[in-house]
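These notes open a run of structures that come right after.
Two complexes come next, and they have one chain in common, chain A, joined by chain B in the first and chain C in the second.
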Partner chain A sequence: MPVPAALFLAQRASALVLAPLVLIHLGLAIYAIHGGLSAAEILARTQGSLGWSLFYGLFVVAAAVHAPIGLRNVLREWLGWKGVGVNLALAAFGVLLLVLGIRAVSAVTGI
Partner chain B sequence: MLGPRSQHHKGRYAALAHRLSGVLLAVFLPFHFLTLGLAIEGAARLDGFLAWSDQPLVKIAEWGLVTLLSVHLLAGLRVLALEFLPWRSARKGWITAGGVIAAATGLAFLASALA
Partner chain C sequence: MSDTQDTLQVRVWRGGEDGEFQAFAVPRREHQTVLDVVTYIQRELDPTLAYRFACRVGMCGSCGMTVNGRPRWTCRTHVDTATGGSAVLELEPLRSLPVIRDLAADMTPFFEKWQAAQGRATGTRTRADDTHRIDPASPRRQAADAAIECINCGVCYAACDVVASDPDYLGPAALNRAWTLMNDDREGDRKGVLAAAMAGGGCHSCHSHGSCTEHCPVELNPSAGVAGLKRLSLLAMVGGKV
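And then the complex of A and B:
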């Protein structure tokens, strides 16, 4: 499969995964912000939870695929940055999101 | 009722909103992960950040992020529908409805934060 077609499919597939996760995340944000946030409240919900670990783990992986491909389109079309440079920079950005995201999920779930 | 030209302009605005919200969310995401990662250093470290974030300007920024995420989600669903679904007639009011739903989501977050 040509690279542009693979990126197009990966962008759409990750969007389909992200859509319900974002919906739940937004609902949780509106619920959790009520009365202010505290570390104790957040960690009580997430620590040791395999469910939240899988939920946010999947969220991170899908976002790490989705965001760099979207940025690549913007950089290519708006700034004219094409070729190997933009691909390497955005692959690095994807890895950064993956590493920081998995670290964050591990921090709040303890898993 | 909107004519085809006006509908076309709305489509361009929706595409622009989708892109700009996506870029801003992508820039925000590493910082969001770094903040949550503070929990590795203990609950007190995370609480320190949360106490700092409990100020009006940060709440406004959080409202902006929630609204941006809603805009990106709804505009993204529109793109998926345009590309993969045959429901041409069902798309007519989607952009306006999406804008209203995104604004309502942002306001619901703000109301919950201030309650």
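And then the complex of A and C:
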């Protein structure tokens, strides 16, 4: 599979996953704020929840795939940064998103 | 010559990449095309003006220029259309291509990318074989027919924002040709054509801005062709064929 085409596919596929997750996440955030839930009350609901752990775990993986590919395109087209350098930098950015995201999910769900 | 309604003020790009505009005053004529204006300047005012044309009837695709900021085929563009009724016409060579001199752009990168996109038919039969029967009503043939009348003028290439920012991008015309081959039952190397379209600088670089379709003088829709290639490419990847 040619790399540019594989990245195109990965970005579209991750967008397909992200679209409903983002909508649910935003709805959830608005619901939690309007409901006046405190941080402790939110954590009480998420701690130990396998469901929320899977939901946000999937979110993190999809975002870690999606964002670096888009950023790579922007850097290549606007700054002309091509070759191995940009690929390594964006791979590192993807790993950073993944690590920070999993760390956050783990803290919120305790799993 | 004074600036009256009978006179057109024309600013013409002179020199190479670092040239400058030169002003000419050209008599206004009814139904005058932009190419008529350029020809008048070369014949009557300055014989050293370099430009390119051949058929004058919108078939050869050689007279593309930037007219008042837009890429156009100059032989079929009326001055009124290009100027929007004002008395000033500004002419430059096609963008995103090297300038040879004055209004003549070097089309070499355009045709090199055409080849890089494998924009050429690969036959499967010899003259000893029977004619390949094609059903004109088949959906694939209709898709090919809708895209086949490209005159290689380079207007879409000069209009494309991605071509302007990404020197590797093959451009709308070359990919449109690849799309016609993908829909041509006589094509013997569809796999190769799709591989070329999927490589770096291929169909996945397109941002779907649609400038190619907006500016194509023969009203083709290269943007739809590139989208078709993206679709074929995704299907091939998901189906494990590449």
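Just so we're on the same page, the second predicted complex is superposed on the first by the 108 of 111 C-alpha atoms of A that agree within 3 Å, B and C clash if a C-alpha of one lies under 4 Å from a C-alpha of the other, contacts with A are read in each partner's own complex, and residues count from 1 in each chain.
We adopt the following convention: contacts are C-beta pairs under 8 Å (C-beta built on N, C-alpha and C of every residue); 3 or more make two chains touch, one makes a residue touch a chain.
Everything numeric in this text was worked out from a predicted model, so none of it was measured.
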Touching partner for A:37 - first (chain B), second (chain C), both, neither: first
First, second, both or neither for A:29, with chain B first and chain C second: first
Chain B versus chain C as contact partner of A:89, first or second or both or neither: neither
Contacts of A:2 with chain B and chain C, given as first, second, both or neither: second
Superposed model, chain A: greater residue contact from chain B or chain C: B
Which of chain B and chain C A:76 touches, first, second, both or neither: second
First (chain B), second (chain C), both or neither touched by A:12: both
Which superposed partner A:67 touches (first chain B, second chain C, both, neither): first
Intersection of the chain A residues that touch chain B with those that touch chain C: 12
Of all residues in chain C, those that touch chain A in their complex: 162, 165-166, 195, 198-202, 204-205, 230, 233-234, 237-238, 242
Interface residues, chain B side, partner chain A - complex: 19, 22-23, 25-26, 29-30, 32-40, 43-44, 46-47, 50, 53-54, 62, 66, 69-70, 73, 76-77, 79-80, 83-84, 105, 108-109, 112-113, 115
Complex contact set, residues of chain A against chain B: 12, 15-16, 19, 22-23, 25-26, 29-31, 33-40, 42-43, 60, 63, 67-68, 70-71, 74, 93, 96-97, 100-101, 103-108
For the chain A and chain C complex, residues of the former touching the latter: 1-9, 12, 76-78
